[in-house]
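In the two complexes that follow, chain A is the common piece, with chain B as its partner first and chain C second.
Our next item is the complex of A and B:
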C-alpha cells in the first residue's frame, strides 16, 4: 500500500472570485462555500464564513471540530469515506493536502462541551489550531428547537464538505512537497525486519454515544468490534470526529488526519520496531462493552503476534476504565504497552489524575492537567458567541468577564491536552 | 532588609522537658531558641528569626484547632514574611503539629512555610500537599543537614526563585501535578518511552498510576418498611435555571433541594447542570436520573417509610476527587442528622 501526500503549503487566506491556491495564498470564493454548506436543510439561513490567521487578535468560540482540507487526485475512493464520499477503501494513491490551512466549525453549536481557539496571546500557546490559517464556518441550526443529534450531524458534515471542497478546488495546483508512505500488508509485515519487535497502535476512539461519537468509514464506532486499519487510511480521513465533549482532549478530525503517534511510529518503522498495524477500538459506556472491546482488541494484537502496542485514549473519566483494561489485558498477554492520556488532577493539581489505574501501566505519558486554570485576555474580535464560555466544559458562570477576558480551565481550549500527543504540554509532580 | 521569620518548636527543643512536659500550652518568645540558632547561622543576613513559638506536643495533638488558632493569634503582631517549623525528624506528634501550623500559617498570612521531617513521619502524609517538607534523617543527629536545606528552600520561596524538582530542592514530593511545556510533542515522548520499554532500557513514566481507596458497598437494608430513603446524585439534577450555578464540569459545589410535595420532576421545573452527557433526555424528564416519581409511588405503597424531603446533587464530570470527598462527607453529615437510614446514589 502506497500513499503520496502532495502538500501545498498555505501561508495566507483571502476571499476572492475563484477558490484556488497560488503562491502560498488560499483564495476562497465565500459565496460558493456558503452555498455549499447552505445546501443542508438542517442548517439555518444565517451562516457565515470568516478567516482567522495566526497572530490575529481573534477568539473563536465555541469550536466544534477542526478539519484539514484534503482531496484525493489518484487512487481508490475519496477523502472522508462514508461521510462526504462513497464508502470505498482509501489509503492508496495520491492525496492533495492544504498544509497549514484548516476548516473550523463554530457558532452556537450543541451545548456545554465546545471549545475556544485564541489566535494570539497566552491561550494561543495551548491550542495547535492557533498556528493554522483557519477558515471559520459560523453555523446555526435551521430552527432552535431542532433535535441536537441532527444538528451535530449537520455541523460535522459542513466541516467535512468545506474541507473537501477547498482541497478539490486546489487539486490542479503544483505541490510544494510530496511525502511517500509505504505500508506493508500482514503477510509481508510478518517476515519483514527480522530481529525487530512487531508492534501496533491501539487507537481508542470516543464512542460513549449521545453526541460523543466517532465514525470510521461513516460507521458509528460504538457499534463495531475492534478492527484493523492501515495508518494510510487514517491519513485519507477514514476516521472522523462527531464529538461534542470537553474540547481539550477530544480528537479533532484534523488531528486524526495528522495523527502524530502514527507519524512517529512510521518514522521509526524498520529502525526501532516493525509497525504492523493500527487496531481501532471504542470507548463504550457499559461494562460489558468495555470488557468485550478490550478483550477483542488485545486478542487481535495477540493474533497478529505483536510484541507491543502504544495505546492512546480519547476523553477522560469513564474512558480511563477502557484505557486501563486495554493496558492490563495486553500486558497479561505478554504485549508491552505505553499509554498516552491526560489528567484531571483538580485546579490545584492535588487530586488523583485518572479515574482508574493498574500496576501494569508503568509507561505513561500525559498531555497535561486539563483542570489547570488560565486567564485569556480579551481579543479584538470574537467569531462565534463569547457568552458560551460560561457554560462550556471547563468554564463556569462568570468565566466571561465584563472586559471580554475569560477565566477557564485548559479543558475549554481546543486540543490543549491532545491525547494523540499533538502538543508539547505535559505535567510533573512537585 | 532581612526577611522576618517566625519559628515553631516543641517543648523538648525549647529545653522545657520531654514527655512529662508535653502538655505545656503555647507561648511565644522574642528570641532565637534551640534549633533556631542553627537557622540563624544558615540565614546569615538574609533573614532573621523575630519570634519563636513553643508548644507541647500533647497539648497540640489534643487541642489541634484551639492550639492552631491561639498560635496564629500570637504570631500576627510580628508580621512574619515566612514561617519555619521543626525540623521534627521522625517525631510523630511534633511532625503533625509542624505540618498543621505550616498549613494554618500559609493559609492565614499567605506566606511561605517550610518544615523538615523523616519521610515516614505521619505529618508528611497529612500535610505534604500544603507545605514544603524537607526530607531529613530520622533523628536529631541529622540537624546539621536538615537546617541548611530548610533555610535554603525558605529563602528561595521568599525570593520567588523558580524551584527545581523535589529531588533537586530536597523536599518531599507534594503530590501536586503541575503543567509544563516539554521540548517534544507528547506523541514523540510516548513513542520514545515505548521503544525504551521494548528494548528493556530504563525509562521514567510521566505519571505514576495511583493507588485508589476502595469503599466496600454497605450491606443490604434489612428493614425496608421503616427505611427513610434519600436521593443523592452526581447527575446534575437541579431546579430549572440551575440556581446555584453548579458548574457543567469540575464542580466546586453541590446543591440541596427541597422536594416536599413534589411527586414528579417535570421539565418545566427541573433540568440537569451536567456537561458530560447529552442533556436532552434528562432535561425532558429529570426522573430518568433522579427517580422521584418511582420512589413516590413506592412510598405510597408502603415499600419503605418515607422519601427524604431533600435531595443533594452535584456534577460528576472532571470533578476533583478532593471536592467529591468533601461533598460526600458534608452530605452524609446532613443526612445522618436528618434521620435518613438509606441512600440511593445515582450517577450517569
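Our next item is the complex of A and C:
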C-alpha cells in the first residue's frame, strides 16, 4: 500500500472570485463556499465564513471541530469515506493536502461542550490551531428546537464538505512537496525486519453518545468490534470526529489526519521496530462493551503476534477504565504497553490524575494537566459567542470578565492537551 | 426488559421516562452512594459509574444502571468500581446540585446525561423506543 501526500503550503488566506491557490495564498470564493454549506436544510439561514490567521487578535468560540483540507487526485475512493464520499477503501494513490490551512467549525450545540481557539496571546501558545490559517464556518441550526443529533451531523458534514471543497479546487496546483508512505500488508509484515519487535498501535476512539462519537468510514464506532486499519487509511480521513468534549483532549478530525503517533511510528518502522498495524477500538458506556472491546482488541494484537502496543486514549474519566483494561489485558497476554493520555490533577496538580490505574501501566506519557488555570486577555475580534466561556467545560460563571478577558482551565482550549500528542506542551530534563 | 434492571439517577426527567427508574434527590455523590448500597445487597453494575469527560464538580447529574439480584453474593468487580467512584466524588470539594444551575444550563447537562446513557438504556430494554424525555422541567 503506497500513499503520496502532495503538500501545497498555505501561508495566507484571502477572499476572491475563484477558489484556488497560488504563491502560498489560498483564495476562497466566499459565496460559493457559503452556498455549499447552505445546501444542508438542517442549517440556518444566517451562516458565516470568516478568516483567522496566526498572530491575529481573534478568538474563536465555541469551536466544534478542525479539519485539514485534503482531496484525492489518484487512487481508490475519496477523502472522508462514508461522510462526503462513498464508502470505498482509501489509503492508496495520491492525496492533495492544503498544509497550513484548516477549516474550523464554530456554533452552539450543547453549550458546555465546545472549545476556544485564540490566534495570539498566551492562549495561542496552548492550541496547535493558532498556527494554522483558519477558514472559520459560523454555524447555526435551521430552528432552535431542532434535534441535536441532526444539528451535530449537519455541523460535522459542513466542516468535512468545506475541507474537501477547498482542496478539490486546488487539485490542479503544483505541490510544494511530496511525501511518500509505504505500508506493508500483514502477510509481508509478519516476515519483515527479523530481529525487530513487532509493534502495533491501539487507537482508542471516544464513542459514548451524542457529541462523544467518532466515525470510521461513516460507521458509528460505538457499534463496531475492534478492527484493523492501515495508518494510510487514517491519513485519507477514514476516521472523522463527531465529538466535542472536552475541548483540550478531543481528537479533532485534523489530528486524526495528522496523527503524530502514526507519523512517528512510520518514521521508526524498520529501524527501531516493525510497525505492523493500527487496531481501532471504542470507549463505550456499558461495562459489557468495555470488557468485550478490550478483550477483542488485545486478542487481535495477540493473534498478530505483536510484542508491544502503543495505546492512546481519547477523553478522560470513564474512558480511563477502557485505557486501563486495554493495558492490563495486553500485558497479561505478554504484549508490552506504552500509554499516552493527559491528566486531570486539579488546579493545584495535587489530585489523582487518572480515574483508574493498574500495576501493569508502568510506561505512561502525559500530555499535560487539563486543570491548569490560564487567563486569556481580550481579543479585538470574537468569531462566535464570547459569553460561551461562562458555560464551557473548563470555564465557570464569571470566567468572562467585563474587559473581555477570560479565566479558564486548559480544558476549555481546543487541543491543549491532545492525547495523540499533537500539542505545544512538552517536557525536558534539566 | 430484563427483570431487576434499575436506573439510579438524580435526573428527574430521565427517571420519569424509563421503566424502572429510581430517583435520588440530591447530588451525583448521593446517586453513587445509592448504587454502592445496592451493590452491597447483591446488585451488579451494568454501566461504568464515572461520568465521561466531565469532572465531578462540572456535571450535577449522574445516572447508573444496575441489575438487582436479591440474595446474590456481592459482585466484587462492581464493588471495586463503585467504591473507587465514590472515593473520587467524595474527594471533590464542592459538588453542584442540579438546582444550583441556571435552567438553560441545567437542561443541557440533563440532556447530555441522558444521551450518554441512551444506548445502554435501549440495550437493557428500559427506555421506551418512541418516547424521549422532555428536559423542560428539570
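By definition in this document, the second predicted complex is superposed on the first by the 422 of 430 C-alpha atoms of A that agree within 3 Å, B and C clash if a C-alpha of one lies under 4 Å from a C-alpha of the other, contacts with A are read in each partner's own complex, and residues count from 1 in each chain.
Here, a contact is a pair of C-beta atoms (placed from the backbone, for glycine too) under 8 Å apart; a residue touches a chain by one contact, two chains touch by 3 or more.
The structure displayed is predicted, hence computed values, not measured ones.
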Chain C versus chain B on the shared chain A, clash or fit after superposition: clash
Which of chain B and chain C A:122 touches, first, second, both or neither: neither
Which superposed partner A:368 touches (first chain B, second chain C, both, neither): first
First, second, both or neither for A:429, with chain B first and chain C second: first
Touching partner for A:393 - first (chain B), second (chain C), both, neither: both
Partner chain in contact with A:24 - chain B first, chain C second, else both or neither: neither
Partner chain in contact with A:344 - chain B first, chain C second, else both or neither: both
Partner chain(s) touched by A:358 [first = chain B, second = chain C, both, neither]: first
Touching partner for A:199 - first (chain B), second (chain C), both, neither: first
First (chain B), second (chain C), both or neither touched by A:273: first
Chain C collision site on chain B, chosen from 1-9, 37-45, 109-117 or 289-297, when both complexes are overlaid on chain A: 289-297
Overlap of the chain B and chain C footprints on chain A, listed as residue numbers: 111-113, 148, 208-212, 245-246, 316-317, 344, 351-352, 356, 371, 391, 393
In the complex, chain A residues that touch chain C: 110-113, 148, 206, 208-212, 222, 245-246, 283-288, 290, 315-321, 344, 351-352, 355-356, 371, 391, 393
In the complex with chain A, residue positions of chain C that touch it: 45-48, 50-55, 58, 65, 81, 84-85, 88, 91, 104-105, 108-109, 111-112, 115-120, 123
Residue numbers on chain B that touch chain A, as the complex places them: 129, 163, 165-166, 173-191, 193-195, 197-199, 203, 205-212, 245, 247-250, 252, 275-280, 317-318, 320-323
Interface residues, chain A side, partner chain B - complex: 111-113, 125, 148-149, 197, 199, 208-212, 244-246, 259-261, 263-265, 268, 272-273, 307-308, 310, 312, 316-317, 336, 338-341, 343-354, 356-359, 361-372, 391-398, 409-411, 418, 420-430
